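You will see chain A twice below: alongside chain B first, and alongside chain C after that.
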Partner chain A sequence: MSAALLEVEGLSVAAEGRPLVGDLRFAVRSGERVGLIGESGSGKSVTALALMGLLPPGLRAGGSVRLAGRELLGAPEAELSRLRGAQVSMVFQEPMTALNPTMRIGPQVAEVLQVHGRVPDRRSAWQAAVAALADVGLPDPPALARAYPHQLSGGQRQRVVIAIALAGDPALLVCDEPTSALDVTVQGRVLELIRRGLAERGAGCLFISHDLAVVADVCERVLVMHAGRVVEAGPTRRVLTRPQHPYTRGLLAASDLGRTDEHGRLLTMDRFLAGPPPPLTEPAPPWQGTAEDGWATSGGGS
Partner chain B sequence: MSGRGSRRGGAAVLVGGALVALVVLMALLSFLWTPHDPTLVDARVRLQGPSPAYWLGTDRFGRDLVSQLMVGARTTVYVGLVAVGIAALVGVPLGVLAAMAPRWLGELLMRANDLLLAFPALLLAVMLAAVLGAGTGVAMVAIGVSTVPSFARVVRAGSLQVLRSDFVLAARAAGRRPWGVAVRHVLPNVAGLVIVQASVAFAIAVLAEAALSFLGFGTPPPTPSWGRMLQESQSLLFTDPRLAVVPGVAVAAAVLGFNLLGDGLRDRLDPRLEARR
Partner chain C sequence: MNEPAISVQDVVREYRRPRTSLTGPTPVVRALRGVSLEVGRGERFGLVGESGSGKSTLLRIVAALDTPTSGRVQVLGRDVSGVPERRLGFLRRSLQLVLQDPRSSLDPRMRVGDVVAEPLVAQKLPGRRERVREVLAEVGLPAEAAERYPHQFSGGQRQRISIARALAPRPQILVADEPVSALDVSVRAQVLNLLTDLVQRHGLTLLLVSHDLAVVRHMCQQVAVMQDGQLVETGPAEQLWERPQHPYTRRLVESAPDLRRALDRLP
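So, the complex of A and B:
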């Protein structure tokens, strides 16, 4: 078992005293792809932003996030800027808004290389940007580098976003619903791209999605998040075939288009949950994860 | 979509642009050629009506109105450019700073800005002119300074919106420092707003310059200026209204032109994050 790349312990996020995410703990090892699933509003994206140190003003994170042994929470902004894009980078959900509309594609890719001093001058930055665009399978990279974002399709833009995220050769890639805004036909190719990019760099990945099929396809392990808490975790196959928590069972049933209720309608979540989730201000209900699921962090089996 | 987008505000931009172009061309042409010397006093031709020699007639000193109008346009454009330049150079960075700074600092800057904004621009200009003495330079600075707050306000609002966008988050996630975010991502995306604001501010500057000159705080004689032409026409308003109408129409046309241009550009540039170019 290699040392954990990302160790999250007791991470909580609160908005002006109101907790959004409570007592999160998990780890991602190098080269490992970990899924974080849950419905909208369950705290997935906030978790991602907290890991990046990019929480919007008004939101506060507590606990501990360590990347390769370095504590990120509370680290000075200058240090975080050095890490972002180089050690840890992010793929955003919405490719239509994740690119600057007033900037050509090439400079946007080159930007991350220049910021981190990976290239000596503008010329080589441009060449590296074109190479990065070629690397994500975009057609005619030199011409594309001179295009503006609105001239590209959604799938092409997401490839550019991925090219930017991978350009700095990060050790950890945080993907926040990277394929949710894309056509189903493009999804598979973009996922393959992410998988290949990760494998080439031996990078770890935290893959956030509400799409169980996508997570099953990409991730080795998975965390199920509900109302700001992780309610279940384990190897993807086990969690998705033998779910323990009622919420996970509900998620699975709700995404099973073959199953319907007594009225012939697709199943919804509410029939699987006994009531509203416990508020985050209360201590977490006991969670039945085991050490062999690999969720124990540096301390070893807990 | 692009078809509709390119036509929106089209007429306003066209008419406004034409009026602005007319003023600017008049100013430029005046460097090369004017029908007569605009400052030449000739008692023999005083208060003449329009004629082939004097297209718009002469004033009570026998000076040609067309020539005065042309050289006056120079003053108008010059004062407008410098005043708007000052306002934009100070107001734009101030607005971006107020948007990106910690909340308390941003609020502090904007409250100070409000204080300045609450002050009528013309009054401020008159005050500055009174303290520093009359002159084109003082008028430019005074108009510029009093226009700073409107730039800062508009740019701050636009910057706040841009700062909330995904691509700013993405730039930060790629390791961009605040300075880089401001220069590469925020400024280009508020440029449209700045252009619109500049043309509206230009209209205000034209009016303010005319008003200051009218009041005697602006361009000193003998340099022709639309405002002073208006002032000199005052005593003859009932005997020869032509003297007031000519510079009055010129000021109105310039102000209208810049306002129309600003409005048209606003319509065209406003849905800023949609497809452009």
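So, the complex of A and C:
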């Protein structure tokens, strides 16, 4: 087992004293793709933002997030901005809001390369940007580099965002619902692109999605998040074929539109969950996961 | 009485784009290039296609919110395109819409009771309060919901509110444009079950638009696949899924995210 690239221990996020995420612990190793499954409001996007040091004002994170051994929580902003884009970068759901609408595509890619000192001057930054666009499979990269984001299709825009995220050769890529806004036929190709980009760089990935099929397609290990807590973790195949937690079972059943009960009705979550989840202010219910599931980081038990 | 619920004959819709040069012609976008389809009464009909395929344009034309450049649209045997609004009363009563994103299709400043009553007010139908209570109960919301505002509800509940509003004037046809694609998987099944129940209980005709083949396959008997403003394949849902004929349909079926397929590939 190689050393962990990202180690999250006892991470909590709260808004003015109200807990949103409680006591998260997990690790991502280099080259590993870990899925974070959950529905809106479960705390998965807030977790991603906390890892990136991008929490909006009013939200506070506690605990520990270490990237390649370096503590990120509480690190000075200057250090974080050196890391972002170079060591860790992020692909967001909506490429139209992630890109600057008033700036041509090329300069947006070149900017990352220049800021992190990957290229000596503007001219080579432009060339490297065009090469990065070619690398994500965009047609006619020199012309595309001169286009504005609104002139591109949704799939093309997401490819640009991925090119920007990968431009600094990050060790960790955080993807937050990267294909949820895309058409199905485009989705598969964009996922393939992410997988390839990660493999070429040996980078690790935290992949956030509510779509179980997409997560199963990309990730070897998954964490299932519900109401601010990870309720189940383990190898993707085991968690999604032999789920232990009622919430995971419910999520699987509700996602399956090919499965109905004796009245021809789709299975819903409420069949699986006895009641509302326990509030984060109360201690977590006992968890039977083992260190082998990747639930605990090396040395830490649960 | 055996004319179809919806009949679309050779509908073309062209838009003019803003001029790109002073002397050149204005570019024309052909959103629909001769679409024909028929939805029988009581049928559950699905329309599948990607963004930009023209499915929403077609819905807007069927609901007489837009007029075709050429072609004919009839709902319950009566012409709806090119007919002035004052003579579309029958359509506004008999055909109701449920849209994708309840956050943008519900007025945030109106109480839920007023939102649901809107079609009743517009059509001057009596017994509003009673009807609002009835339809809220039908979609599984408590009567007190009427006093609250849309933002006080979750995404799934908000979609229930849109469905209640659509049901209020007792329509015969329900047109749903991506009704569950903004919802979490955990509530998607509940909303689809609700739609199925309502369609059965009231004998509604359902025209459902979705980019998600799995949703359409579960909900609809008959499916049409749209690409670049044209229907490329029409047939029973199971047949399209199991034996797609057109290469585009095949691509759609193959690229649809499928959990079982993905799990089979895992080590």
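What we mean here is this: the second predicted complex is superposed on the first by the 296 of 302 C-alpha atoms of A that agree within 3 Å, B and C clash if a C-alpha of one lies under 4 Å from a C-alpha of the other, contacts with A are read in each partner's own complex, and residues count from 1 in each chain.
Just so it is clear, a contact is a pair of C-beta atoms (placed from the backbone, for glycine too) under 8 Å apart; a residue touches a chain by one contact, two chains touch by 3 or more.
A quick note: this is a predicted structure, and the numbers were derived from the prediction, not measured.
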item	value
First, second, both or neither for A:A147, with chain B first and chain C second	neither
Partner chain in contact with A:R237 - chain B first, chain C second, else both or neither	second
Touching both chain B and chain C, residues of chain A	none
In the complex, chain B residues that touch chain A	103, 165-167, 169-177, 180, 184-185, 188-189, 191, 272-277
Chain B partner contacts - residues on chain A that touch it in the complex	49, 52, 54, 57, 78, 81-86, 89-90, 92, 94, 97-103, 111-112, 115-116, 148, 150, 161, 164-165, 168
Residues on chain C engaged by chain A in the complex (per definition of touch)	50-51, 155, 184-190, 192-193, 196, 211-215, 217-218, 251-252, 255-259, 261-263, 265-267
Complex contact set, residues of chain A against chain C	39-40, 154, 183-188, 210-214, 216-217, 220, 236-237, 240-241, 250-258, 260, 264-270
